């Protein structure tokens, strides 16, 4: 992705310094959104779809949260770090809940295993970004 | 909008009972997202756009939060009320911040006055929805 | 919704003239997106969910198209009418396909009947907006 | 990103065969959406923002189209290839228009140069995906 390049080109980041923690979180959010959308779609193709309703709903909720957090974090310039931090913390909670649910189906469904992996990575990236935003004001 | 009809048609709402507070919040989120997108676009047409950067960014952040919250609240069936509550509370914070900023430009720009109105309405709807989700588990 | 007010506040619409056709399409897109998201969620709660996979996928596709078209049409100022027209025409096709599918389940599922209604209304609104954009350049 | 893994885990892709053209398009759409959102934000920080209104609007339009196309293409299973093809072709047009505009500012603004690069890559990926969808029905 062009995420690093876009961060480096930000006219407000003096000397092109980049906050790797925030940048990684942006990448993780877009990655997690795609994995969740894909897992929901794959769940719909499973014979046991009737038992995957909660997984599909959490996939869609998590995808929506990530699809809002990635852009907000990309648009961080001059924004209120406290607001973005709150959104990132909320996104982390949704990623955690979706990962917990997908892990329950990981042995049976490869797409749930992969989605859980992407959700855990995004959860960690959001947790780290929240700390960074809280400490430095981004 | 068809929001009420969609809530009434939910097979999991016994006797078609509808939580008016949540339903109103869904409507307010979609309304606020549109108002914020429109305000950002109108700000870009103003001679003083250079001084409206913070307003435009908050418009876009608020629109993204509302565009994630409306669907999540629509998808409430079997979802975790605590997670949705957290998202609704976060959305309320973004609506409040955007309303605060737009109100600063309300006298000068009609679109900011209207956007602030939509953001305040959504902030109140989200606050009420958060209480409802916390109390009843929706 | 505040759609009319936001259109009236656009500094580039001299004398506050409003293109009712485009305004109605914006409202229809946000309404249809919500109805589709709700129908997909309700389908997931049905015993016969295994037979509703195509309906759910079209619900989600249509919701995504509407969620992109509503904002684009809201942001029409100075934009290229031909590009917005193309998006509106594409959205109409997705609304038509989703309505066709939902109508197949309308007798059995009230949420499909309501979603089909919202999709048809959005299809018509998009068709009218496409004509308006093509004729006047919006 | 986990795109390849999510495609490989699709229970409907016999023998795990993956359509690399569609997979690459999904990656390009998410990448382009992020680059466009970032370019719009960076444009808002430029002294010459008053002259970048068209660029910002096309950034936002292109981001919305990509944010709808990536998920639709991820959800392709059992979907109508003709509908997805239409969306991909529309997305290609928006990427082309945004790239054309960003290239006009590429020498002056690095973020426009990078965004134009991401838009061209997505335009090509969408053109290739459209051919693939038209030929094979995906």
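Here are some notes:
The chains carry the letters A, B, C and D, assigned in the order they are written, with residues numbered from 1 in each.
As a convention for this text, a contact is a pair of C-beta atoms (placed from the backbone, for glycine too) under 8 Å apart; a residue touches a chain by one contact, two chains touch by 3 or more.
Computed from a predicted structure; not experimentally measured.
Of all the chains, the one whose CA centre sits at the greatest distance from that of chain C is A. When the interfaces B-C and A-B are ranked by how many C-beta pairs touch across them, B-C comes first.
With each centre defined as the average position of its C-alpha atoms, the distance from chain A to chain B rounds to 21 Å.
In whole angstrom, the spacing between the mean C-alpha positions of chain B and chain D is 27. Residues of chain C in contact with two or more other chains: 41, 44-45, 53, 57, 60, 67, 71, 75, 77-78. Interchain contacts join each chain to each other chain, per the touch definition above.
Of all residues in chain A, only 41, 44-45, 47, 49-50, 53, 56-57, 60 touch chain C in the complex they form.
Touching chain D in their complex are the following residues of chain A: 1-3, 5-12, 26-27, 30-31, 33-35, 37-42, 44-46, 63, 67, 70-71, 74-78, 109-111, 113-115, 117-118.
Touching chain A in their complex are the following residues of chain B: 53-54, 57-58, 60-61, 64-65, 67-68, 71-72, 75, 77-80, 83-84, 86-87, 90, 93-94, 97.
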